[in-house]
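Common to both upcoming complexes is chain A, partnered first by chain B, then by chain C.
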Partner chain A sequence: MEVRTQDKYTLTFWEKLYIPEILKGMKLTLEQMLKKKDTREYPEEKWVPPPSYRGAPVLVLERNGVERCVACGLCSRVCPALAIEVQAAETEHEKERYPELFEINMLRCIFCGFCEEVCPEEAIVMSPTYEMVFTRYEDAIFGKDKLLMSAEELAPRLEFLRSHR
Partner chain B sequence: MITITIDGKEIQTEPSKTIIEAAFEHGIYVPHFCWHPALSISGNCRMCLVEVEKMPKQVIACSTRCMDGMVVHVNSEKAVQAREAVMEFILINHPLDCPICDEAGECKLQDYAYHYSVGESRFDEEKGLKRKRVALGPRVLFDAERCISCSRCIRFCEDLAGYPELTFVERGDHVTIETFPGRQLENPYSMNVIDICPVGALTSRDFRFKARAWDMSETPGVCPGCARGCSMDMWVRQNEILRLTPRENQEVNNFWMCDRGRLESFRHVHEETRIEQPMLRKDGVQLAVGWDEALAAAASELRSWKGDTVAVIASPYDTCEDNFLAARFAREILTTQFLDILPHVEAGDQDEFLLREDKTPNSAGARIAGVTPVDDAHNLDSIVEGLQSGKIKAVVVSDVRAHEHAGFMQALGKAQFVVAIVSNASALTERADVVLSASTFAEKLGTFLNFEGQLQLLRPAVNTTENERWMGAFAMSRLDKFASEFDRWGRMKRYDARSAGRVFSLLAQLMGGKWGYDHPEDIFEEMAKRIEALHGLTYEGLGRWGVRLGSEQPGHLLPYKYSDVRP
Partner chain C sequence: MDFIDIVIALIKIVVMFAVVLVTVAELVYTERKISAWIQNRIGPNRVGWRGLLQPYADVIKLVLKEDIVPTAANRFIHTLAPIISIGVAFSTLAVIPIAGETISMFGREIQMVIADVNVGVLYVLALTSMGVYGLTLSGWSSNNKYSLLGGLRSSAQMISYELSMGLSVIGVIMITGSLQLTEIVSHQSGWMWNMVLQPVGFITFVVAAFAETNRTPFDLPEAEPELVGGYHTEYSSFKFALFFLAEYANMITASAIIVTLYFGGWQVPYLELLALPTGVVVVLQILAFIVKVAFMLFVFQWVRWTVPRFRYDQLMDLGWKVMLPIALANVIVTGIVILLIQ
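Take a look at the complex of A and B:
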């Protein structure tokens, strides 16, 4: 087999002088120092996602303290990862049904947003939440207590959904 | 005989038949809402409009009689247009609340909206507002907005159940359904209106919002509520029966089922009284033990009471297979002739439609399987007498409702040793020395024989630790298929129960019997060999509707199966 050897790189005169090359490098460094930075000091400085971001799915809580969800179970049916469990029950409110139990298994969830897309009530939406850490399996199953989020907090996402309907 | 042509297919039929009847008989589906093969003709939904050549306009197939040479088009352009117009008209005032409607997934209107509708509405105005959540009776709720005024429920109550309780009131788009003044929809068959309602206007108060239709598995079974043995479907989610619905079987119950059977016959399967595992009395206290220990204790004690000092009370709630082995256990292993079943009769609770006085599903089956006293000196009365006099000292009981017989229970107090093979706790299990947890009708494979001689197959719908290995035979929902052990909906409650037949078989083996069966189908094979009435029968041969024993075959309401003709 033919072995190719690389020719030895021969420095030019200016390169041999050394100093100009150091100055070149320092110029590059100085330029970068004065430029706008693209990194941030997470976790001290948090990133706020744009409204199109699909974070953890949450349930919308209306101003009157009632969840929008009518427990139709369509999100549970459409969920490709079978992450959602819903148990309906009757309520005195005009909407007749409410979710007695609503659980999303965040370990199963793949953040696809199908639940949000299928929901007839705009009751389950993808929130900007992206920080989820669990140390126990049970902690990863979010019940209604962790899922409900006020409509004001979700306003950007709801506005985004309306404008892209 | 006349000849008509439907969609190019020539059909021989009678002039007394309507077009829709002729079409269904020959497997041609004609969409319809108000027509039902078992009800009178109303002709008010107009959904079955078809084009008939030489007729000036489209006619309704449900009330137009066939004429010789008639040429009918169900799917011609005119017929399709007419149907689309009818669908658009019906949907004008129908609310778009499928997501909260219990009927969704099994709704005729929803299905037809996909099959026969253009998918768009030109109606810009406000939909009509009507009453919602109206309790028509103790078991049925009515939503007037969803109602399409087909009158099926009215006709069912009037014509079939014989209780005229419902009627239309108001006119035009104000029309709605109301009970007669001072009346309620409370007849013993009232819940059938829920099944025949083509929309979600009539819903069950018991099942309301419990589960979506697509989340449950559906297993064909037989109602254990009375000797009629109505064919029904068991709807199960997370290993729990949530509802029963009647299944078309023209040899038994046509399309119907009584409210009592529908609501009460399955409750004991999930009741708190359910015995979760075998129990054994030690020093006067009942302790939960394993199967091996309980069976060994029962067998060793029974060994000392052989002959006519033992009696066996089999169960008309158990399958023919269970009773066959109960009889063999009594005669061959215990060598006793004291063998009978307890009757469970509610005198007077019987009618011409479905209800039977005999509130057990398989009394006839127990008799045919061999639980028949050889003579009057060995029947139930003699057993009770023998217990009273102390002649009979040990009893094996597999009747889950034996405690309802005060006389028998009082006599049982005198017995020295009682084995109970039952599913639920009662005064009987309190008295018993060994309790062997039995599976219920919903957890086993087997056969029930009704009072008319219809032998029907039961299939397991609920999982126990025993029938797990027959998982292939189970109807499974999507959740059952994809659950992992970490999902709560996958970790379902299962009882450590075994069928009575299996228990008798295990006891027999412990007591020196040379026979034992692992699977009910093996037992049935043996029964078909030994019992003349069952010669040549197999589980496969029983099919969906069962087989009528004896020479007299049942008359059918229709010459076809309504639920088998599909679009």
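Take a look at the complex of A and C:
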């Protein structure tokens, strides 16, 4: 094996004086002091995630008020955390099947996005929602009432998914 | 000295105490703000206007906590140590002159200094070396190895840096020819500040002052990664608050001494050319003093968030092999120059 050796770094006279080097450092920190701040006033000033962000998974609701989901159950199969439960039923609509029950346990969800990847209908999508607070276990299980989100709201994410297919 | 003199002295002491206490509290705030700015953060801004009341919230939290004394600790000394620390930190300010002119009130000339001692410099040096007792005793009495190590380090560090501190002051004393602080300040009129006349002495004194106040890069006694909390590991509640206060009060004291000895104290250059009334002059001089001290305090905090901590052997090397010879050489060179000028 090749062994690389590095010569010991010797300080120059000016560096040995130490004070000029400290002054240099102080100049650097002074510049940092006047820079724009990297942090924000969080609860008042919210962060808007980019379209590539994987927030809470939601079901897409079409403009005519029908969900895209056909209750095939692929998301439930692929979910590594076993967070999704789907029960199918039949309807008179064009797609013939719809989920009678669709529940995601947000305490189990690991936001991997596998459900979104596997979905043939582009019906389950990772939304930009990142604020999820529960005070009781039951509140963490999201039913269809909480999961449905309109296609307009999810437009940036759907756009992103199509452009990266 | 009659009754009115005592009352005047007491008023001065109370005013000084109140001002210093408020400044100490706000220093904790500015420390957090400056550290935040240097790290590109916003810093505390929730309690009060722009977070100005944050330190008071901190103090209330500290005071409401349980006061724990370890079973194996020496109770008496454990209680005495923070009192020594805070007492020393505050009493040094008694000899600092904050304005040159005197105010006539109640038929008396009132000097803008609590005690115009004729051995002022000696008093300052004596009290700052007393400060080491607070840290050493607290380290020893806690009966905790980390505290003990912190205390030992602080005593070794302070003794090493006291020497170069004293020697750098000698340069100033040689120029002025007096140990009286009021005398030293009035000698620095115009731009003839000691910082200009004694640049080497100024640097060694400032470095020694950083070491004396246990500020980074010399904050080895309380190096958290090595010593948990250092000498105050076993302190809680109000006793801890006292150490905390003493640390910041020491910073004010050190800044005030640096300003008095090297930045010309209350001197405003060319103010005497304007021929202003005495009252205005006094106010301007006090303002100048405050601005200078505030600048020094900012530098203290600025350096703290810039420079990393020294290793212990580096600290001792710097103290004995660099600072002491430089300070000694400074004394000799100053002596030769004064002899040649005369």
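Quick note on the criterion: the second predicted complex is superposed on the first by the 131 of 165 C-alpha atoms of A that agree within 3 Å, B and C clash if a C-alpha of one lies under 4 Å from a C-alpha of the other, contacts with A are read in each partner's own complex, and residues count from 1 in each chain.
Throughout what follows, a residue touches a chain if its C-beta (ideal position, glycine included) is under 8 Å from a C-beta of that chain, and two chains touch if they have at least 3 such contacts.
What you see is a predicted model; the values in this text were computed from it and never measured.
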{"item": "Touched partner set for A:V133, first chain B, second chain C, both or neither", "value": "neither"}
{"item": "Touched partner set for A:N105, first chain B, second chain C, both or neither", "value": "first"}
{"item": "Which superposed partner A:V48 touches (first chain B, second chain C, both, neither)", "value": "neither"}
{"item": "Touched partner set for A:I22, first chain B, second chain C, both or neither", "value": "second"}
{"item": "Contacts of A:E96 with chain B and chain C, given as first, second, both or neither", "value": "first"}
{"item": "Which partner, chain B or chain C, touches more chain A residues", "value": "B"}
{"item": "Which of chain B and chain C A:V3 touches, first, second, both or neither", "value": "neither"}
{"item": "Which of chain B and chain C A:A88 touches, first, second, both or neither", "value": "first"}
{"item": "Residues of chain A contacting chain B in one complex and chain C in the other", "value": "none"}
{"item": "Complex interface listing, chain A residues touching chain C", "value": "19, 22, 25-26, 28-30, 32-33, 35-39, 41"}
{"item": "Contact footprint of chain B on chain A as seen in their complex", "value": "70-74, 76-77, 82, 85, 88-90, 95-97, 103, 105, 120-121, 137, 141"}
{"item": "Chain B residues within the chain A interface of the complex", "value": "99-100, 104, 132-133, 208-210, 212, 214-215, 478-479, 482-483, 486-489"}
{"item": "Complex contacts: residues of chain C adjacent to chain A", "value": "34, 37-42, 45, 203, 302-303, 305-307"}
